[in-house]
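In the part that follows, the structures are each spelled out as structure tokens.
Presented sequentially are two complexes of chain A, the first with chain B as partner and the second with chain C.
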Partner chain A sequence: MIKFENVTKKYEDFTVLENFNLEIPTGCAYGLLGTNGAGKSTLLRILSGVYKPDSGKVTIDGEDIYDNAKTKQKILLISDETSQFNGMTLLQMKKFYKTFYAKFSDEKFNQLNNIVNLPVNKKLGGFSKGMKRQAAVICGIAAGTDYLFLDEAFDGLDPSMRSEVKKMIIDAMCDNDMTVVTSSHNLHEIEEYCDTVGLLHHGSMLFNKDLGELKGNIHKVQCKFEKLPEKEDFPELDILLIEEKNGFTNIIAKGGADETLEKIKEKSPNVCDLIPLSLKEIFIYEMEALNYDRTKLM
Partner chain B sequence: MTEQSSCKSLFKTYLFYKIKQNSAFFVLCCLMNILALPLFAVAMNKGLTSTLTGFYQLGFFFSIFAIIVLPFLAINGAVISFAFYTKKNLSDTIGSLPISYKQRFWADFIGGYIVNVAPIIPSGIISLCIFGASEGKYNDFCKLNEIANPINFTGYGAALFFNLFIITTFAYIIAAVIVSSCGKVVSTTLFSIIAVFGLPMFVGGIVGVFATCATGMDVKSVVGTVTAFLPPVGLFGEVYEIIKFFNVYLEQSEVITKSCDFISLKPSYIIVYIILAAALIAAAYFIGKNRKIEKTGSKFVFKSMYYAISLVSTIGVSLSILGFAYNRADNYILYGLICGAIICVVNILIYLPNKKEILRCIASGAGGILFSVLLLLLFDKTGSFGNRYISEDGSKYEYLLINERIKLTDKDDISQYVKLLNNEIGTHSDQFGYNDEYGDVIEYKTSSGKVKQRKYYISNYYSHGIDFESIIKKLGGYSKYFFEELDSYDFDWSISVKTEKISADISPEDAEEFLKVLKREAAEKYKDGAEIAGTVEFSEIVGDRVNYMGYHRSFNIQKDFTDTLDMISLLGADQEIDPESQYFYIDYNGFNNAIHIEVPYKDREDPIVKEMMSCFVTEADFDNSDYFDFHIVSEDIHNDRYYVPPENKQRVIELMTQYAEKKLTSPNAHKSITGEDEEEFATKDDF
Partner chain C sequence: MTTNGFGKYFGFKLKKRRAQLFVFAVLNFLTTILPAIIFKNMISGMREYANRNFDGEHSDVSYEFFIMIMFLSVAISVIMIIVTTARSLKLYYNRPAMDTLCSLPVSYSQRFWGDFLSGLFVNFITYIPFFGISLLITLSAKSDVEYLAGLKESIRFSNYEPLMYLLIKVIIMIIIVYLGVYVMTTFVSSACGKLSSSIVFSVILMVVLPGIFISYADFFYSFVIGTEYTKEIMSAIGMLPPFGPLVALKMDFEQNYFGAETLIDQPICLIINLVLTVSFAVGAYFIGKYRKAERVGQGFVYESVHQVLSLTLSVMLIGAFSFKYNSEEGVVGIFLIALFSFLVYGALELAQKKSFKGFGITVLKFVGTFAVCFAFLTAIKNTNAFNYSKKLPNESSVKEIVVSGEYFARETCYRADESIKGVFEEHKKLLDEPSLSTGSGYDGEGLTIQYILNSGKVFQRNYNAPKTDTGDPIRDFTRNVQKLKSSDMGSYGLMESKDFTNIRAKFDLRPTDYDENGKAVYPNFPQGNILPEKTEELAKLLRYDLENNYNANDGRYNSEIKTLGEVDFSRIDGEEFEAWDNYFNIYETYEKTVEFLKNPDNYGDSQPDVNSEKNYFVSCKTVDNSIRLVISENLTSNSDNANVKEFLKYIEMRENGKDELYSELFRIHDLNNQFVEYGIRKENEKAAIEAFIKCHNELSVQ
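The block that comes next holds the complex of A and B.
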């Protein structure tokens, strides 16, 4: 389990994390969201033992990470930058990871590389950005660590590559009970395989929820009324937003789907349909409900 | 146990990874080290067989090039080895690897050292083998070229190797300290170069100025001494000497007298260097441990470094330039401008490309100019803050003791002496001595009971230091102090007199009476600048013989010392000077040759001698060392001192050569006085 306890991290006068608390259970696929500069990379670097928190405690399975070689054997960070491997071939990169990670599996590496079919004897400097990402991910997965941290892992990947990489990660999680923390500023990228998402903003976690629970608990009902209703017209519902768009009224409410639909129908709308929400929309409405300007969050 | 061995193996793994990663640099460093040492040894070997062959010249050239490059390679090695601190992409990958800071630091440090510095060890050993194998050849070379005092050929090779080893090691370690505190490749490299080359000068300058302030010693001498000892750049002075010695020896252009006595071979210095290196490595370790990795990519890791470097550069540059370049010439503004410009550049390097900081750079440069000029003015006007000049108020002194012998107690005499001394100090500011062996010592006791000492270079034929004798001669009580000094020695003096007509030795029986008359007349009539009729020479007697190499004093006999002159006439009536026996001697010691001639007075009308003497002057420009290539002494009563101005130097050498050639036809005319005769003691009976 990953645990942040009152962690503060500052860059000179700029506070990136302030009294930050978070728990990520073992085996979880955690999606870390936030705008550029929200502190996602910092959080991952603290988790990887690259940065030392100014105060507070960060542990993995109850043990400190910073300057702890033993704990670091359990983790691997795939940075958003891969140019450091430009002078290496894929085989050399594999050898590099193999020397430091005792559980590195050649078999796994070959198996994964058979999927993406990267040239093993060509220097990574000649690879495209997407190929470099794939190379880093297959080495990271083959390293067999318990925790894998991916910083903007899907940047620069085309849709097919993105899909392949995601599949690799999901397979690795299933096979090894691996905990994966992925940072991104794009919800779509992590929606498919993350079971928990957190939204980082201004040094604190605005939002940290199970994705399934999140999706099942918020609904959009498209209806048509003679007169635009107010929130007060539905006292039993937890209404997040009522808006009029293209002649229709959209009601975003928290709670069970059937219950919400029933309560709205009681007001006799001309039309009343339950519309599925994307994760992005759910986030936006949740944030607006917390009085945050959605344009500054995503 | 398993965990421990796993950690150890990861250290090794990372170390091998570092070495392998930098294998290209390893090849380059090996090549440069081979050029610097084994090639140098081979070139010297070839030079022994046939001086200045093409191989020797080419080998020498490449070796010098490699020797200069080696410290830069060491700096570059440290920057590359600790690239983790300067490249963000590496800091993520390396920082997250399962190794501790301790393992990573030592692997980075040792790995970089093995790649960039260690190749000097096998190269040095190979070069020593080549030097050793060349010893026989070198001995033959010395015999063939009649070299009487051969140098320790292999010893010089060893000194070169050890010097370069210390230089490159320190360059690497200092760069490791800098890279631990910086976060950018360019600034790290730049600051490392500044630190490697500027730090010893900086420390030397500061120590020099403070030592001068505290003791009144020669600031340049202290700076030179301190800096020569400080690695890495200080030891380059020794490398330069070694290379020069090899080159000079093989070209036989100069006689080498320096023994194989180098700093890098002295165990006491080596111990100091080891301690210094350990301290610097510890500094690199702890700075690295406390640095924030997120500062990778920033110019400095610690914010306070901006202010520290600004402040240190302003004070340090001013003090070190003052230490190195201080001269009492009226160049305050020039000095201030140079300091200001350097400080400005240092600050620009620190702050730019942040354009907002340009004003700060200019302000710091202006501050530097102001600080430097004020410092120099203060330094000069206060006489090293009160420690360089001595107070001219005679009432403040109980006594003033010159060289532990001449004790001034009269307040007016002290005041007059100190005024003259301060003026001399001001005129020859760069001649303050720190060397006990050649120093003149002024000790004084203030009326408050404090006893202080000042040391100065002695004035002699070859230096242009403070002329203590001429100062004390200006005092009214000079004769009293002169004879008090004579009496203070616990040996007897042999006395001889010389006037225009008479040269006579005063027998011990007559000495007492003679001195009585001389002392009386001197006390009554002595006056500085009075016309001279002759001199009285006092020479030390050891046992029953005169030691001509021992203590010697002379006192001028003024023309108005009539009683003394009468007595001399009586005592030496039968010893009239034979003009044929009088000489003056001219020595020339140039870089490439030395000439010595003796000119009898009878030859004064010789056209060559006449022209030669017309080239002499009696006053020298003491700040121009060219004036001291010649040593001219006459045996006349005045013992006048002549100098040859630089513009006449060539002509005088030509005339000396012509005169020597002319005299070669007469075997007695060109005799050498290098002599054993002079060192031989004469007995009292000889007089």
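The block that comes next holds the complex of A and C.
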């Protein structure tokens, strides 16, 4: 388990994290969301033992992570930049990780590389961005660590590369019971394979929920009324938003799906369909309910 | 610290720096083995030349050539160490590298020592065996060096032995310099977040450390009348890593040539240098440990380090420019000093901040620094370096004083308490002389006063003062001091020194034969060197003569004391030599002289032939018209001595026009260079010599 307890981290004149608390259970695929500059990378670096928190405690499986070589055997950080390996071939990169990670598996490495077919003797400086990211993910997964931290793992990848990388991560999670923490500002990507998401904003978590629970608890009903209804028309429902769009009325409400649909149908709309919400939409509506300007969040 | 993570990280860094290992191997070869090879070849060539009786051409690779190669290699090595060390610490200035390396399962200590020791290994692993090889090569020339030094005909060959050991010491010293460069670069890089800052400020730190010392010492000593740099100051410079040892060697070399002291010759300075170097390593460890990794990419992780280095550089420049512009009075000079110093400081601040935001604070900091430095420098100037010129050693701590200069025929030594007191009084009077300035005191100019302390240290002052119509302060000092009772002559003291007897005497002797063109001819006498113990014996004999030839009225030794023979005892001065009248003429056959003088009866077959060789009298000049033989003074004072009486029987004034009857070397000169010839008739010469030897031996200090 990953645990942040009252962690504060400041950069000169601004506070990145302030009395930050978070728990990420083992085996979880955690998506860390936030705008640019929200502190996602900082959080991952603190988690990886790269940065030291100004106060508070960060533990992995109960052990402090900072300057703790033994605990760091359990974690591996794949940074958003892989330029430090430009002078190495994939084989050398593999040897690099194999040197430091006792559980590194050549078999796993070869298996993954057979999927993406990266050249092993070519310097990574000659790889495309996507290829470099793939190379890093292959090595990261083959290292066999319990925790894998990915900073903007999919940034700049084309859709097919993205898919490949995601598949590798998902397979690794299934095979090794790995805990993965991925940071991104792309909700769509996080939605596809994370089971828990958190939104970091101004040094604290605005949002930290199980994705299934999140999705199961907020719904969008698209219907057609002759007159745009008001929230007060549905007193039993926890309405987040009612809006008119393209001739339809969209009602965003929290609660059970069936109950929400039933209550709306009682008002006899012409059309009434339950529309699945994307993670993005869920966040937007949740934040607006918290009086946050959604344009400043995403 | 477990070795597991350290070993892995160390191995990883070594692999990364493989290529550097080769580069440093080449540079270390050029710094160690190549100079040794060149030295060996030079010595071999000179021996070959000597064996050919100095006939024909010889390859004479000059010292300057291999010194140039060596220092060029050192310079390149220094640059390479700075750049490669800074670049290897990528995690300090490259964010992706920081993320990867700092997240590895390696502790900070393992990572730091892995970086540090892998760099040490790469930089120095080849230096050690190459130094061993260079040592073997250099020392393989030892026999040739000794052979050449034993030749009487060329003084310059004697320089090869100290040169040989100087070469070895410099090669050892260079690795200490490299170590300092490496450690200080690591220290600065630990405080920086950018590669360019690491490199630039590493160089700044290395320059500032000795530079600030030298620039303020230069300024200080420019106001101290009587001295420039003392040995203590040069030694202090030598303590400062990394370049202090080289700077101090250069300063000492200019004065003492191959007798210059290196850091290796000064154990305490070596220890302090290494302690400071280790301190920087420890500092690098802790600076790296507590640095905020998030500041990577910023010029300096610790702003205080940046400020200290930048301001210290400014302080150094203010001192250096003040020394340069010292002669310019007034506002212009001050303005120029401030301007040049501020340009550098301002540029460093702008490079760090990348904007003019807060530049007002920058200006204020500089103004404050400048004000403090300027006040200090003004105080030095106005107080004549805090009256350091007037500082003299404690009289009770002085063992002897040696004075030389324009009005001294030779170095004069004062040991008696009254004499020491007298010199102090005259020195203090001289210090009040307003026209007094720093002079050379050598080569017959000015005045040099050396206080040799009981501890062995030497406190020296060199003065000059212009002669005017109204006075000549140096001459006045000389006259007053010469009235004091002197002890031994400086050169005499030199003769007593082990260095002199062991080395100088061995190498100084040469025949002064001249060809028809007046050119000195140096025949090859490979076995002609004099054993040191023999020169000691001769020195003792001559000492007796000297002591008894002292004229208390003038405080001078007025005699030329000649033993018989033709070999000049010459002073070595680099590759030149000059016949120095203050030394004694020692004849080629003096070895026989010593034996004969000691034991004339048992000299056996080696007894010199008085007809073909010179006889063994000494002759002298007198200060007044009284005719006084050195021996005769003793003889006079010992007129009851039977041997003296016997000897005196054979001395008669030579009759004019009847030179053929007498031994022509027997002359008594007066100070006007007039002489009266006293001779011993040829038929009496042997008997006179025998009598003379007997009374001389009896009266000599053995």
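Following the convention adopted for this analysis, the second predicted complex is superposed on the first by the 298 of 298 C-alpha atoms of A that agree within 3 Å, B and C clash if a C-alpha of one lies under 4 Å from a C-alpha of the other, contacts with A are read in each partner's own complex, and residues count from 1 in each chain.
Keep in mind that, in the parts below, contacts are C-beta pairs under 8 Å (C-beta built on N, C-alpha and C of every residue); 3 or more make two chains touch, one makes a residue touch a chain.
Treat the numbers as computed from the prediction; the structure is a model and nothing was measured.
Superposition of the two structures on chain A leads chain B and chain C into a clash.
Shared-chain residue A:115: touches no atom of chain B or chain C. With both structures placed on the common chain, the touch criterion links A:73 to chain B and to chain C.
Of the two partner chains, both chain B and chain C are touched by A:82.
In the superposed model, A:51 lies in contact with both chain B and chain C.
In the superposed model, A:241 makes contact with neither chain B nor chain C. After overlaying the two complexes on the shared chain, residue contacts for A:96 are found with chain B and with chain C alike. After superposition on chain A, the stretch of chain C that runs into chain B among 237-245, 597-605 or 687-695 is 237-245. Counting contacts by the rule stated earlier, residues 11, 42, 45, 48-52, 67-70, 72-73, 75-77, 79, 81-85, 96, 99-101, 151 of chain A appear in both its interface with chain B and its interface with chain C. Interface residues of chain A, counted against chain B in their complex, comprise 11-12, 42, 45, 48-52, 67-70, 72-73, 75-77, 79, 81-85, 96, 99-102, 151.
Of all residues in chain B, those touching chain A in their complex are 3, 6-7, 10, 13-14, 17, 87-93, 95-101, 103, 292-294, 303.
The touching residues of chain C, counted against chain A in their complex, run 2, 5, 8-9, 11-12, 90, 94-108, 110, 292-294.
Those residues of chain A whose C-beta lies close enough to touch chain C in the complex are 11, 42, 45, 48-52, 67-73, 75-77, 79, 81-85, 96, 99-101, 151.
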